[in-house]
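A short write-up of the structure that comes next.
Lettered A, B, C, D and E in written order, each chain numbered from 1.
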């Protein structure tokens, strides 16, 4: 169970972006989160992935509240989350080849031995050819890079997947293919999914449950007016 | 929804691409063919949507038109602006002084990466206004606000640095910047990623409005709904080649696309079948000899061992037909590069 | 509505640094006392100079007592410190003068020289760096780069001689040394500024290579990056792209250099002042060190420390302002 | 080339470049102790031939009580530049302050002989000595400070140390430390107002820059090393003055070193080094071969003690003494290799060149001299065992050099007797010469010393170096004094700048 | 059908009809980007020079066993000739021999000091920045303490505590010059630390250490590398500055810095060779090292990699 309880988070304590948001994802469940641009979805996703320390509120993973964020979170906690970031260009180290990017989590967690087996397998799953694997991020298209990022998110077999607008820069066919990859993985592993996006049609088709951003605020997570979000000019 | 179609025999098109090819030199002497022999015309007042599978070369095509290719690239062919300037061979000085921003605008893909990280959105907007629109200092603030407004960029975020923007905000900032120059040709590379549906509509409508009667828009997008909303024609790219050009009404309408790949692409939409086209796109560094789609195509046969040319066949719409461009009869209006194109009535996709 | 400067974080940074300055100063002055003590230099011998060569041991011992250098290190440092806190910096044995007077008379000229040179180095260095980065591998780039490496190997006393030889002797356009014309007594702004040109230029040139090469590298890298591609695509003039985008991102390491080059600047000033007979205080540093002139040495290093701390603070403030991703931590 | 706008070349001013800056201008702390301080006068002073002549004293002193009292009658009507009169009280104040324990004067040893100083009235001063000291009058060239000014302040750091007031031909206008000293003529100087009204000493530590600044016309005169002075030979506007000196360069051969302390080695080196070539090349001819602290042209020099350069003889001496050629061309005796280190002060080019040349010559004899450099801090502890390339020389009296250089009781006392030279005959002669007031006796004693140095050298004296000054010709023909090792502020052709009679 | 089109346009990318134009040549107005062959030539010549220098330094002096200090007063200041290809200095020593010996000493000083200083500086800077918080503050204040004592002073003290020689100079230069590297590296790491790909690495289970070593350090290598290269000539500078103050190497021992420094007077007298040759011996290897470093930088630069093929 991944529970986000009354989270308040942002980049300036006086003016948080995410105010009092609650959301729960059960294991094996897939939840789509819809919201207008700039409302704080990515921020929330980063909090949920233990990458951003909230100002208030709690993240509870499998009944255990989280105390440390980023490096302070125990490694197995961190790696329980597979994250696909919204902007693949920025979230890939420009010095590494795609293959290295995918293999990096394995190496970082001391499972380098698995690299020769896992990386080609995942590359095949997400549709990256051997030629692309040897290139660096600036030599591939955004979509190709996002495939690598998905492979990176899956490589440690996370129990929770957080996909922040994973398909925003993908064409319909690739979108369908990658969604299929995620679903296949979930079916096999029983992982929970939090998919953030704008595309209602897509998320409704993909996820078991979709929630609107404005439904999340308030302690109950059901009702309550959303804080004035920036998109509302 | 379709914009006005340029009458046949009208003055030279805003952009005329002839045999444009781009390839990248890689280690060990291999090449990646990112764009191969692209040819199409883009008339003033027209909006051409360029769609295609990720990695098929759309962004590279746009970069080539702006002379912004990386240094390991090589080009061939020509891309002529209305006045005959060849974008591919123009020297850097011309490109920098008279073309980029002024005659060809660009909304880059990955806008967040294309903004200078150490300056606020406002300063970058004001600077562009000063240089391209000649706005004087006292009017800058207002002009910047107006420019932001056009792209639905919230004014309260103008003084933020790019890394403080959400994905959608950065996208809007980039759009605002690209609209400033009032260029007769606008290249929008995925201008709607990260935007919610309402904003997508607002943004593409603004783009369409911007294009009006005398400008042209090349809209590169994965968002077929957005393309459907504003495009006059649709070009489909597959594995570095333009494989089909069709009028938007036909493409999205009952007739549907004629290239099997394009049909597959439409079918993959979540509102349709949501199934990917089987197989994987070929690697651009080792393209097969014949039709690149043959391996994934259920219609493929021996004929597909040769590369099909983009042919008009029967004109499908009122689009600027091949007749008007004489020597290269099929490149401009509509056409499909397939040995076995689908005939419209037969297999029109149904959502 | 324009984003105002982040005064709060900046003030906090300044406050933190001010608080840290105290232990740093204590550590540095004590360190200098200790190092000087451990060095083989003998304050008495130094004081006596050539007279010491023939002086009797008894005479030298008396001197040692008079100079107060026979006391243990810690108590000497403590005495100096407590006196300094009461405003008495002690008497310099090498200059035979109260330290406060000695420094007061000369520090202004050192600051004038060093700041002029530094500002010059930063401006010229950045300009050359940007020009070189524009066309990597071009002739300008190659000239500038080679020149930078060459200059980095050329110590100020060499450059000084060359500069005097060229500008004073051959061209006869600039005075060769001193603060004012050698025979004149009055210190006028016109004379000082003419006499400042060569030493400041030599000092600046000796500081130049780092700025040139770091700007070149920073701007060169930035020129290949997406933001610059973006700026180019927008149709901005080459100048704008270069200065407002590539340079703005590429100068970040240079801002750090502003702080971290201060020690080198002091080192350079120390040599340039000697070479050009510039009546500043830096030249006295070496003498203070080799003569183990504790009061003067401690005061000078304290000054140097303040300069270094200020330089670093300035650098960090500028960096925080210039790169919003970094902020004012530290 | 004649530079335009020669600021100093005008008739009434002069700008000279010097290499050393005084630490202080207070005579109480040692400034001008060898006379000629420009701002001050001593009781006596030296003329061009380094003979004593009266200055603030009206005549040379009367010596009494077997050489233990010196009575000076003072010149009347002399005023300090602030207008206050000069009296015997100032003399007493000066000497007593220097001898005071609290005064940080490193050369007070030179006044070691003084027991007390007594003023008799306003214009007589009597010095009482602890022991007869023949050269004492030479010490009374030291400048007299005004009691009414200096007595009011902290002697070690008061304002007087940088803003002095004296009776001398010039007054200090400004001392810009590290840059220059500016003097103006004292119009009321008792010896007559100087013709050169403005006199500036620019401090330019770097030889090359000094030469360049001289060339630009910024300086009217400067002291230069031989190679740079040579570059002015063809300059029609400049004249080079070579001041004769007592400034010698010497290699100490410490008794404590098995090789360097060996008399045969010492003697072999003494005749086996090519002094002539050193003078010609290193000094570019501006100097003389040295065979002892006394230059060959001094009246104190013992004729016949010149050593002829003779490699064969040197080898012979070594052979005879049992130093047999060993491996690598280095001689050996009793299992000891003929080698020793030779230190020079790092950064001193002249000493370095002397050391290298010495080592090269020694190598030809089969003696390996390992040249090393260091600061005095490094060298000093090694002096008892290692050879050092030293320098020294004081023209005023032979005692000043020879006593400290050769007296065995001073061995290892600071920089005195660095070679730990120990020769009873020399000791005795030195003591005699020092105490005797009789010139002939002293001469004989110093002859003894110099002859002994031939038999048992202890040091290898190499050269006496001329000090070279290049000065603008517009000042006419100038003279130089015989100079000591130390370059005082006022040595060089401007030793008597107050007497210059510029042409224009 | 396709065949009929073959004349109007290229068929496949490999079709010989396609006339490819490189874009590299026009990347900037008028700027002739060095072609690949000149670039390769430049890198090659740099490598050749560095190799030659290393060989000269390692092999020549022991092999030839020339006495670099042999003084021949009679042969002073001879211009270059067959007997003395570089001429002789002002006490008649052969300049070629002295240059080679000097190169040996100076390169040792330069390279060792540069490497040590860069390693220390990079380690400290990266450590401080990636740890952040109070560790960063304290470490950086320690850096301030170190940098507060003017380099030359510290150098003077260090050198004075030992016998004059090469190692004290190396130590004194290395110990005083890691500070700017540390600050530069720290600043760069701070800026890199907030990049989104660091988030990705953390989420991938990377430890602080691994993030630093794998993602941050490679990003600062160009900066640190530049500092290292600059340090080589600077160390030679320092060594001669110490000599200028009388505290460096023994001034009779050949080092490039002291050779050039000592030749100033000769230059004023119109004798150019004692300055020129040692000067070239400093500059040429420095430029060669810089050239190699530049090539290396291009190699590790993710953007230029595709362009440079060695």
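Convention: a residue touches a chain if its C-beta (ideal position, glycine included) is under 8 Å from a C-beta of that chain, and two chains touch if they have at least 3 such contacts.
Everything numeric here is computed off the predicted structure, so don't read it as measured data.
K.L.:
State which chains count as neighbours of subunit C and simultaneously of subunit D.
P.N.:
E
K.L.:
Consider the two chain pairs A-B and D-E; indicate the one with the greater count of contacting C-beta pairs.
P.N.:
If we tally the C-beta pairs in contact for D-E and A-B, the bigger total goes to A-B.
K.L.:
Distance-wise, how many Å sit between the C-alpha centres of subunit B and subunit E, to the nearest whole number?
P.N.:
47
K.L.:
Compute the distance, rounded to whole Å, between the mean C-alpha positions of subunit A and subunit C.
P.N.:
50
K.L.:
Using CA atom averages as chain centres, what separation in Å is found between subunit B and subunit C?
P.N.:
The separation of the two C-alpha centroids amounts to 55 Å.
K.L.:
How big is the gap, in whole Å, between where the Cα atoms of subunit B centre and where those of subunit D centre?
P.N.:
Each chain reduced to its C-alpha mean, subunit B and subunit D end up 91 Å apart.
K.L.:
At which residue positions does subunit B touch at least two other chains?
P.N.:
Within subunit B, the residues that touch at least two other chains are 24, 70, 96, 110, 113, 163-164.
K.L.:
What parts of subunit E, by residue number, touch at least two of the other chains?
P.N.:
Residues 28-31, 33, 160, 194, 244-245, 264, 268, 303-304, 306 of subunit E touch two or more partner chains.
K.L.:
Touching two or more other chains, which residues of subunit C qualify?
P.N.:
As it turns out, subunit C has residues touching two or more other chains at 39-41, 157, 161, 165, 226, 238, 252, 290, 323, 325.
K.L.:
State the interface residues of subunit E toward subunit A in the complex, per the touch definition above.
P.N.:
For subunit E paired with subunit A, touching residues are 195-197, 199-208, 210-211, 214-215, 218-219, 300, 302-303, 305-306.
K.L.:
In their shared complex, at which residues does subunit C touch subunit E?
P.N.:
Within the complex, subunit C touches subunit E at residues 16, 20, 23-24, 27-28, 31-32, 35-36, 38-41, 134-138, 145-146, 149-150, 152-155, 157-158, 161, 165, 209-210, 213-214, 217, 221, 224-225, 238, 252-253, 255-257, 259-264, 266-267, 270-271, 285-286, 289-290, 301, 304-305, 308-309, 312, 315, 319, 323, 325-326, 329-330.
K.L.:
Residue numbers of subunit E touching subunit C in their complex, please.
P.N.:
Touch list, subunit E to subunit C: 28-34, 39, 132, 136-137, 140-141, 144-145, 147-154, 156-157, 160-161, 176, 179-180, 183-184, 186-188, 190-191, 194, 222-223, 226, 229-230, 233-234, 236-237, 240-241, 244-245, 257, 260-261, 264, 268, 282-283, 286-287, 290, 297, 301, 303-304.
K.L.:
Spell out the residues on subunit B that touch subunit C in their complex, using ranges where they run on.
P.N.:
Residue list for subunit B touching subunit C: 66, 68, 96-97, 99-102, 105-106, 108, 110-111, 113-120, 122, 127-128, 131-132, 158-161, 163-164, 174, 177-178, 180-181, 183.
K.L.:
Tell me, which parts of subunit E touch subunit D in their complex?
P.N.:
Touching subunit D from subunit E are residues 69-74, 76, 90-92, 160, 163-164, 243-248, 250-252, 262, 264-266, 268-270.
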